[in-house]
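For reference, the structures are reproduced in the following blocks.
Both complexes below contain chain A, partnered by chain B and then by chain C.
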Partner chain A sequence: MTISKLLTPLGLGVVLGLVAFIVFGPLLNLVMWAFAEQWFYPNRLPTGWGFSFWERVFRPRAGAWTSLFNTVLVACSAVLLSMALAIPAGYALARQALPARSVIMLLFLLPQAFPNLPIFVNIAAIFYQWGLNGTLVGVVLVHSLPGLVYAVWITTAAFSAVDRSLEEAARNLGASPLRSFTDITLPQALPGLLAASIFVFLDSIDEFTGTFFVGAPEITTLPLLMFNASMGGNYQVAAITALILLIPSVGFMLVIERFLKADVLARVGR
Partner chain B sequence: MSTEALTLNNVTVDLRQQRILDGIHLDVSPGSFTCLLGPSGCGKTTLLRAIAGFTPLSQGDIRLGARSITHLPPEKRHTAMVFQSYALWPHMSVGDNLGYPLKLRGVPRAERKRRIAAMLERLELGGFESRAVTQLSGGQRQRIALGRALIIDPPLLLLDEPLSNLDAAIRRSLRSELRRLQKSLGITTIMVTHDQEEALQMADQIVLMRAGKVIQVAAPQTLYQQPADLGVARFLGVDNTVTRHEQDPTVGSRAATFGFRTRDARINEPLRPATLTRKGRVTECVYTGDGYQISLDTNEAELFATANSPIALGTFAVLQVPESALIPFGPDDRHLPPLDRHEDIA
Partner chain C sequence: MTTSSSQVHSLAVPNRRLPRISLGMLLVLPALTAILLLYALPLARSLVTAFRDSSGAWTTDHVVRAFSLYGRDMLFSVGVVSVSLALIAAISIAISGYLVLGATPWAVRLLRWLYRWPLFIPFVVTGQIARSFLATNGMMNNVLVETGLMASSSAQSFLDWRGLVLTFAWKQVPFVTLLLAGAMAAVDRSHIEAARNAGANRLRCLFEIVLPQAAPSLWVGLILSLVAMLSVLSVPMMLISGNPTMMTAMMAHRITYYGDYGIANALGLFSYALTAVTAWVYLRLTLRREATA
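And now, the complex of A and B:
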């Protein structure tokens, strides 16, 4: 490989890095807060650096571990629930000539279209009657509601992107409808389904309002922990929590970028 | 499974209140090669899909051998179809693609492996088992798709424009290869095509379709020489039609119109008896490889003819068609049965 060939990706990397800096500049402040031990007005930069707040956050009784565990558990459950509903729904929407297809698709968007505060307040009121407030189940349900939007829209697109003749070829050569779905359609749609799962996961990890109304104070997730810390003026704890939340987000963004191919994206909402 | 006859009786298909196929009757004898030929949108692919079970009939019956398959789902029909896009499964290797139909039938792994290898040998793609289908060329994909259909010894092979996505050269060689394979297996085959040359070269029987109806079912020679009507004739390369004049040859004396092919019409050759002649002005002269195609503007129509040497534009020329190359059509544009010459004289 010649030097010029090496330079091209290098130059591209530098440019992308610059863009990333502009976009993610505010993040730098966050990172500084995470490692600042002393930072008082009017200093531009922290006067003392260190890991002591990290230790405080991850002290066994500080609640960060429980919140992290709750966050991941709720996110995984929300993914399972949303995908369990979205896979059959998405397949039906992609393949069947449903008369009110666009209406159904729009219906799934509605929870996102309304301001979500009144929705969550009402859900909290209903869940209170059912005894779901303050339970993990309640939080999972409330997280699956916006999750389902992504899940249904993306799985529908993923299934529409699967060439119908691939399924027909399997049927023609002797596969039952279920067999052709599991052997042909599912493997073909898998990247799109993974992308949908990741979207639900990320959405759930960041979810605040619903968790606040349905889960608090019994269930604490990382966003709630962060909220409490910021409200208490403890910017270090808030920054550290935010950084932890950033890890899965950035990681999965990279994965999505790989899995969500243009032909699937082009079919979102069709 | 041995090869079987196919019988279509009054097959009718409606899609969204629109009649796509209208009362199709067809008999296909076992081991024969039938082409469904017609312009795009004539319903030929729908007919093939109806036979495979992907398009429900609104009326009629499809029989394979003695049994009716009209109400069977596609997987129970045992028809093997090769799709226009080949529909190879990209997440499976070549070997897995070929082996999948066997796997569905519970054939043990060792036996599967043996039959896959044998099929690949037969397709002249030996050793391709572990290749990814995405690495194959168009012609290779086409052969794998064919192999996947044939590996289950189906009683009926359905081909949906199997050669249309290939380069002209590969298409020509695969035509004869496909035909040889079909003959050696003796499998009843139905192929959809819009390419009349392909149909004429390959088929035992051509089913000419138009607007959801079967217009003519005939052997290639018959279809070529005696097209049922002017529409069919035009589709089969009869580019020229002229209304009959008094002095024209007496073949089909009741004919209102004559059709003839461009290559049968000669320009500026010594006049012979019993020929149809028209005079016109040369408007175009195009080199075609084995001669020149001349466009002639006569009073009644624009006619095409063939010449050995170029002819200057704007000059007057005489076009001449031998009687044997004339196709007579009646006033209703339908083909007239060619009259026996003795009868004609008498």
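And now, the complex of A and C:
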């Protein structure tokens, strides 16, 4: 008796329907909250639907635009900073004979191997002395820490997946080291570098703890806005903000495999 | 390789040997400095602050008080994290096992498309989703009541340890499954076919052939999930009101209400200790992988 005989198409359909409900049910619930004008216990469905909360959230000077702007600005800055640091480091870690390479790699692994909340708390205390608390620079820096770790891992993997013989061929044909890097190495590593940028971007958009300690209350990002709305019991505003935060996450989830190829993925962390 | 240009290069090598190494260090240095300032310095500060009193003298007072004040929260955290990890492992093995060994192509394709939706959904959003879905009047209870699986009088809020476990599993299963299914797909098909020909059913195939070979990826996924669960602040703050709760929420509480870095960092020590064990496993795995590579 095999499983395929036990699980008839009907049984499979029921199980997959259950999986679909577990995956999409909570998301559907969120969407319902975003468009619910009136929804009081014990009604199973909202008694009034509409866009009035959307207007309230996106009213000029309501704070949502500032938060959205802050979120995108911080995420893009964190991507630029992390990649600017990670591309040379990743190239060197993949290609150059470095003394104590494994120690360096370990140092870039550690921030993801231990809980980061105590780190953020103490970064906030240090930034307070440096006058960086409540500033955009401080928030970008705190977002760049997890970003940098991902970026170094993925860029290192991306550069070590590049075919060396092509570079050697270019050098043999008389290309300068810089030329062979920009014309041969960089284009081949580009999908991996884009994947790293996407990870840093997503991580920055997801970042709550660091902003909570370093940025608040001066700097509000969308996650903080959503958190405050939710804790204040304003589920509609929280749901609308959450939906905005979902757009890049789901979008990237659908295209990620185009950027992060299996050969790069297999080299991450080595 | 014996073209004139490469001969010129090989002649130049003795002079360039030393600068080449330092060029590599030069390239790594900016990132290394950033990680030292943003990670090593705060880490050192958290370790030192946990053992220093207000006058700067060494003390174990914070650690003792952290245990007496938050012992229940520590146990709660360990419990929630263990149950979540068990649930994540079970579901991930089931999904990736079916993805690799499933015999119905349409079901495999549908499951592959379905499972990964929560993959990149931010933790804060997951918290809000759970807050509305698992509440007394949330969609989960409503559907259970409407389908007649539960009486409406027995509808209760799941916003306690069960809510945390379900939320963590919902968010982390896609991630662990992605890693595990990738590793399972890399298992040599001939091993599976040989076992199948010898009469092993799919379930035995999964647990005796495929899973043992893909186990390192499962471990890595579970360790990273453990670290994520012990790091996330928003989800416990949004799901749990009152005590006991996750240690992250208690650390934040200690900082925002009392400005008490000593006890907060002592609590941090405990979360390090919890992951130190898994970090050791992680290192052993990487070392073994490097030894075989």
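The rule is short, and it goes like this: the second predicted complex is superposed on the first by the 246 of 270 C-alpha atoms of A that agree within 3 Å, B and C clash if a C-alpha of one lies under 4 Å from a C-alpha of the other, contacts with A are read in each partner's own complex, and residues count from 1 in each chain.
In this section, a residue touches a chain if its C-beta (ideal position, glycine included) is under 8 Å from a C-beta of that chain, and two chains touch if they have at least 3 such contacts.
On a predicted model such as this, the values are computed, not experimentally measured, just so you know.
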Touching partner for A:G48 - first (chain B), second (chain C), both, neither: neither
Partner chain(s) touched by A:F24 [first = chain B, second = chain C, both, neither]: second
Which of chain B and chain C A:G11 touches, first, second, both or neither: neither
First, second, both or neither for A:N116, with chain B first and chain C second: second
Chain B versus chain C as contact partner of A:G174, first or second or both or neither: both
Which of chain B and chain C A:L166 touches, first, second, both or neither: first
Partner chain in contact with A:D183 - chain B first, chain C second, else both or neither: first
Larger contact residue set on chain A - chain B or chain C: C
Overlapping contact positions on chain A, where the chain C interface meets the chain B interface: 171-172, 174
Touching residues (chain side chain B, partner chain A) in the complex: 52-54, 73-75, 77-81, 83-85, 87-91, 100-101, 104-105, 148-149, 152
List of chain C residues in touch with chain A within their complex: 1, 3, 5-6, 9, 20-21, 23-25, 27-28, 30-32, 34-35, 38-43, 45-46, 49, 102-104, 107, 110-111, 114-125, 127-133, 136-140, 142-143, 146, 152, 170, 182, 201-203, 220, 223-224, 227, 230-234, 237-238, 248, 251-252, 255, 261, 264-265, 267-268, 271-272, 275-276, 279, 282, 286, 289-290, 293
Residues of chain A touching chain B in the complex: 163, 165-166, 168-177, 179, 183-184, 187-188
Sites on chain A touched by chain C in the complex: 1-4, 7, 9, 12, 16, 19-30, 32-33, 41-44, 84-86, 88-89, 91-93, 95-99, 104, 107-108, 110-123, 125-126, 141-142, 144-145, 148-149, 152, 171-172, 174, 202, 205-206, 208-209, 212-213, 223, 226-227, 230-231, 235, 238-239, 242, 245-246, 249-250, 252-253, 256, 262, 265, 269-270
